[in-house]
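Have a look at these structures, which come just after this line.
What follows is chain A paired twice: with chain B in the first complex and chain C in the second.
Coming up: the complex of A and B.
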């Protein structure tokens, strides 16, 4: 008997697995630590390989109607999906095929079925905000640390009585037949890699932080401004392999950062007139069919410097002086840049290590390792335990979807 | 956040880097706008051109470095380099380039630009003058080789005079100072 199935993490992989299992008639419990589904992809303006806004292209292409409505229709209306946001796995016990799972849910304070996004609370109190225009469930989120008298007054005036500020955390215990780990990745914050000065100057940022700056729905409306003083950005420099391919940090290639950086370089070169972009790299690894991004970037005039950063020195005018060793020329070059963007490694997301130890799984550089004698698809992590997406290690969106579908196929075949 | 003086990750080094702001950012567009320069940007510095070059082992700037210098805007260094004039024009670099960069042709473009700026090396100018003065680079002399081969002492029909006249009216004439 298959189901219910617990899916941990509602990013690309988790959502795909949930929708496909649910559509096949299997009851699924989709657990998400944050208040919105979407994972890291929610923070991307455009996603490769199609360069569409992420929320417009992913999902089931065969589903009738507008693809954009995929999340709303599936995650909130598909009766076989039990979506639980603000929820973490506390404990797993039992035996394969019959796991007992204890979940803890922090209060959301706002009932998504009642919230009509009228904006009354978000305009009057800082405690209420819409985390993203694409957030799902489509509802206001609450920062409990900012709750004050005004916030309580606003809550009482909610026209649909959707807000309950007295809500408390709850726990629930379920029995599930299979567990799918789709806990994704976290972008490494490279404070520890000294030469780049991350955390020491506001104009030194990571690629995901750049993605948010480029997002037309973001705070600056997609205009690139220096975080230090709001001046327009004229020169951007990116550095590849920050923390990746290093025995001191992450010994693996994070795989997607090259294309991620090239995609951003292309967006800047093509959509932001006159901004110069240079990319410092040791290898550009555009695997699969992504070589076109590299050629496109070179054609668009993006500069590529094979070498490494000697030093980054902040100037009084808000710019940074960056000295690069160019290994092709055997020369040192000095650039003035407004924005210094680090293509940082992908690390396992918070909580992955706990799941690995609770379920007795194998670990591969902190990510979940597939069992060695398992299937060729590499998505089995243990008996009735599956893994897909970046919980397995760095992967792009189509790969995460393919792995999630492989998991669904395995579960429908009886979990083996 | 720290100010310039107290930046903790900045080691004191003896590095004297090339300041990019002193280079010519338009140089790459200048080359790109020339007849063979369109694919200049496609270069991804694989160094196939340098591997193919029969003479680069003797050069300070290898072919891939010349392309890199063009992209960076090192106009003076490229146009006054000896390398562009020593190119054998065997076209091996261009034939092998996986990205379709017309390396040899770009080196020709560089020579043309250098010539316009009076940067032609003296030995090349000497060749130009010889062409202008004698209408040919190699004098055919009535020596024993022609005799051994049973050829008449003078090359039949060879008349360098029209060539001289034409060259005087060309850019070669202007560059070596003997033309209009």
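Coming up: the complex of A and C.
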């Protein structure tokens, strides 16, 4: 018997696995640590290779269409999907085919099925907000640290009585036939990688932070301003392989950072008038049709400097002096920039290591490793244990969702 | 026949700032409103009970509430729970498209009234749908028996399907047969293939056919007929099958036309695959004279990343060049290997292999090879080193070209009868690059492995496994039972023009030869046939059909026109109104997100949903003008990102262009109609588009219809 299936992590990979299983009639429990599904995608604005939003995944038989935005994916109303947000796996026991899992759910304070987003609480108290217009479940979230009297008052006025500020954590134990690990990645925060000065100056940011700045529905409304003083940005410099391809940090190549850096460089060069972008790199790795982004960048006037950054020094006028060794010219060059953007490595997300050890799996540079059964099998991590998306290693969305479908395929074949 | 509908208005917990009293009064006066009721929380259990009651009492219902994108799934679930599968409900968005974006005003009330008026007019003409069943043979045909085809066959057989696995050559396994090592596994190609070939050969569900050439394919999902010829046989064979999986792999570029390398003339210049083949056969020698190999130069990006041959990167060749370099050193550590490159591209942990190769002494030269020539028994090579800014000369025993990976032969030819789209680089085009990689434009046709673009073995395998699932989902295990939404064809009205068959984004309509009519001269030879179960319900065929023969069963021409007329009730000379037809995919969500963000725009706007922008015909737009619209806009997904196989919105664009021409021809200002593309990450696109069309409505003033001068050549085009 297949099912129920536990999916850990509701990024695009986990969500895809869930709707495919649901379509096939298999009951799934989709567990997400945060209060909304979507994972990193929710913060990334625009996606290659299609240059539209980052906010969709596939529709399913019951919501036909080739893709659906997160906000209208109706995950809380789907048959066969039991979505549990604010939830983590405490422990796993039992045997393959019949695992016993203990889940812990932190309170969300708002019942997602009851919240209608009417706006009453959000207009009255800071404690309530809509985390993103694309969040799913579509419900307000609560910041418990901001709860005051007004918050309590408005809670009692909620027209659907969706708010329960006295909610407490709960635990639940389930038996599942298969486990899918879709815990994704975390963008490495390069604090302490000396030459880049991340964390020491507000104008030194990562690509993910840049994506949030470029997002027209984000905090800055899509305008590039220096975080330090709000002055308009005139020069951006990106540096590749931060933490990646480095024996001190991650020996691997994070595979997609060249493409997303150029995606961002092109958005800036083409849509933000007059801002100059330079990219410091060792090798530009734009595989297959992604080469288009490299061609576009060259055409749009993005500068490319092959070399390494040796020093970043803040100046009094809010700019940064960047010293670079250019390996083509065999020279040191100095640039003045407003925004210094680090294409930082993708590392396994927190908690992945615990799952690896609880389930006795192998790891591959910290990510979940596929089993080596001699046949290059990508998505199987153990007996009745599967893995997809960036939990397997750096991957783009198209790859992540294809892996998720491969997982479902294998589960329906009996977990072999 | 016009039926009355009940109308249910939601106040969203009493938080929507609309004049409900006026709405109830004035809606009550409308002839088609059988009953009007207000509820505070339609989406909550009490409200859902009201929906059930009203539906039971009145048969058809209009719900004016929040976006249907969110409400409809919940209502559907609640009704399904009671066994109601296809309710006659029409949704009107008075929250994201109204109360959240307009200040309370008489105009906002008018918009609400008009929009509901449109909806009850549409609802009045709705036909109750019925359930349809269809059985599909559980049989799939896979073309190509490389690693992708083999893996897919095994997966499908485990899901209970019979498979015909067609291979053109006389052996299964594809390129992997000749690969001495597959990075990153360290195993050889045959080792990776072994278990799969065994599984295929021992399965009684999989029929392997070697030496087979597919000629053409007829039919559609559920009933394809694959015509082929087999080696040595003159007769055509036919396979009846429900779905087709393309797994034809790739072809290595043979750079004979690139003079600088001398490939094809100098036997010691070979490609990587030729080197792999040599190594997998245990040989290593100079092809020219069998001499020993002491120095090798590998040249990267041969044919790739060049405007002349292949614009893009071939993705794998850096990895396998390094593999082959290490394999050479394994055979003889004294061999000197140089790799001439522009960028070394090795993903993820292959970086470690790259590092290892550097440590083992592989010499990496960043630059370009200028020329290769022969002198006596030796080969010489001149190159430019861009790091040193210097020219060098080498005399290697072997020059190995990391040659581009191209689509296999025959992709274009098969596309002609199978109807999938082809990418600019000649590979099979995926349905939607971000999320639907292994499906193609054509329903029931899938593509896996290197035929979609260069792929690593692990990727080809993942594709194959995923495709097995998608085939299974498409065929629904062999039996489809559903209340179909889609195009219905009236055969008598079909004039055989084949526009639907040519332009359906998913390739659904087929042109079927008609048998003997009474009068040979008047007979239409071919007529369309549409299987509604395959239809994607976009309405493109409807907007193109010159005789109104095909119509969506939930949005007929009469329905859309009635809705348009109702929605424009208040439009007139002094009330310039902008009508927006929006697709229920990216445009609907862009409008919703603009609403969620409370982005204000004028209330002199009427929004009408269509499944795809391609549903809207020039006639629909002209009707809107006839009923009093001042300007009309169509909101769709981005170019190439249409949810209907990528092309529905291009049909919409064509309809808009035609309408502009018609308007110009009859003396109207063609700026009265426009098409806009959008996606929800940029809600401002919708706000500024509709603001622009409202401004044009004001600037251009009353239309000839308002002035009563239509047809009299009155409007001056500026």
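The definition used in the following text is that the second predicted complex is superposed on the first by the 394 of 416 C-alpha atoms of A that agree within 3 Å, B and C clash if a C-alpha of one lies under 4 Å from a C-alpha of the other, contacts with A are read in each partner's own complex, and residues count from 1 in each chain.
Basically, contacts are C-beta pairs under 8 Å (C-beta built on N, C-alpha and C of every residue); 3 or more make two chains touch, one makes a residue touch a chain.
Model, not experiment: these values are computed from the prediction.
Asker: With the two structures laid over each other on chain A, which partner does A:413 touch: chain B (first), chain C (second), both, or neither?
Answerer: second
Asker: Looking at chain A, does chain C or chain B touch more of its residues?
Answerer: C
Asker: A:335 contacts which: chain B (first), chain C (second), both, neither?
Answerer: A:335 sits against chain B, while chain C stays out of touch.
Asker: Is A:394 in contact with chain B, with chain C, with both, or with neither (first, second, both, neither)?
Answerer: After superposition on chain A, A:394 lies in contact with chain C alone.
Asker: Using the superposition on chain A described above, determine whether A:50 touches chain B (first), chain C (second), both, or neither.
Answerer: second
Asker: Which partner does A:153 reach: the first (chain B), the second (chain C), both, or neither?
Answerer: In the superposition, A:153 touches no partner, neither chain B nor chain C.
Asker: Of the partners chain B and chain C, which touch A:299 in the superposed model: first, second, both, neither?
Answerer: first
Asker: Just chain B (first), just chain C (second), both, or neither: which does A:284 touch?
Answerer: Both partners.
Asker: Looking at the overlay, does A:195 come into contact with chain B only (first), chain C only (second), both, or neither?
Answerer: first
Asker: For chain A, give the residues common to its interface with chain B and its interface with chain C.
Answerer: Common to the two interfaces on chain A: residues 284, 295, 328.
Asker: Flag every residue of chain C that touches chain A in the complex, lowest number first.
Answerer: It comes out as residues 12-15, 40-41, 43-44, 66-67, 69-70, 73-74, 77, 155, 158-159, 182, 185, 187, 191-192, 195-196, 305, 311-315, 343-352, 355, 386-387, 423, 425, 431-438, 453-454, 457-459, 461-463, 465-466, 468-470, 472-473, 537, 585-586, 589, 592-593, 596-597, 637-638, 640-641, 643-644, 679-684.
Asker: Per the contact definition, I'd like the list of chain B residues that touch chain A in the complex.
Answerer: Where chain B meets chain A, its residues are 1-4, 7-11, 13, 15-21, 28, 41-45, 47, 64-65, 68-69, 71-72, 99.
Asker: Touching chain B in the complex: which residues of chain A?
Answerer: Contacts found on chain A: 194-197, 200-202, 284, 294-295, 298-299, 301, 303-304, 306, 310-316, 323-324, 326, 328-329, 331-336.
Asker: Under the touch definition given earlier, write down the residues of chain A that touch chain C in their complex.
Answerer: So the residues of chain A in touch with chain C come to 16, 20, 23-24, 45-47, 49-58, 61-67, 69, 71-72, 74, 77-79, 114, 116-120, 130, 133-134, 138, 158-160, 215-217, 245, 251-255, 283-292, 295, 327-328, 330, 364-365, 372, 374-379, 393-394, 397-399, 401-403, 405-406, 408-410, 412-414, 416.
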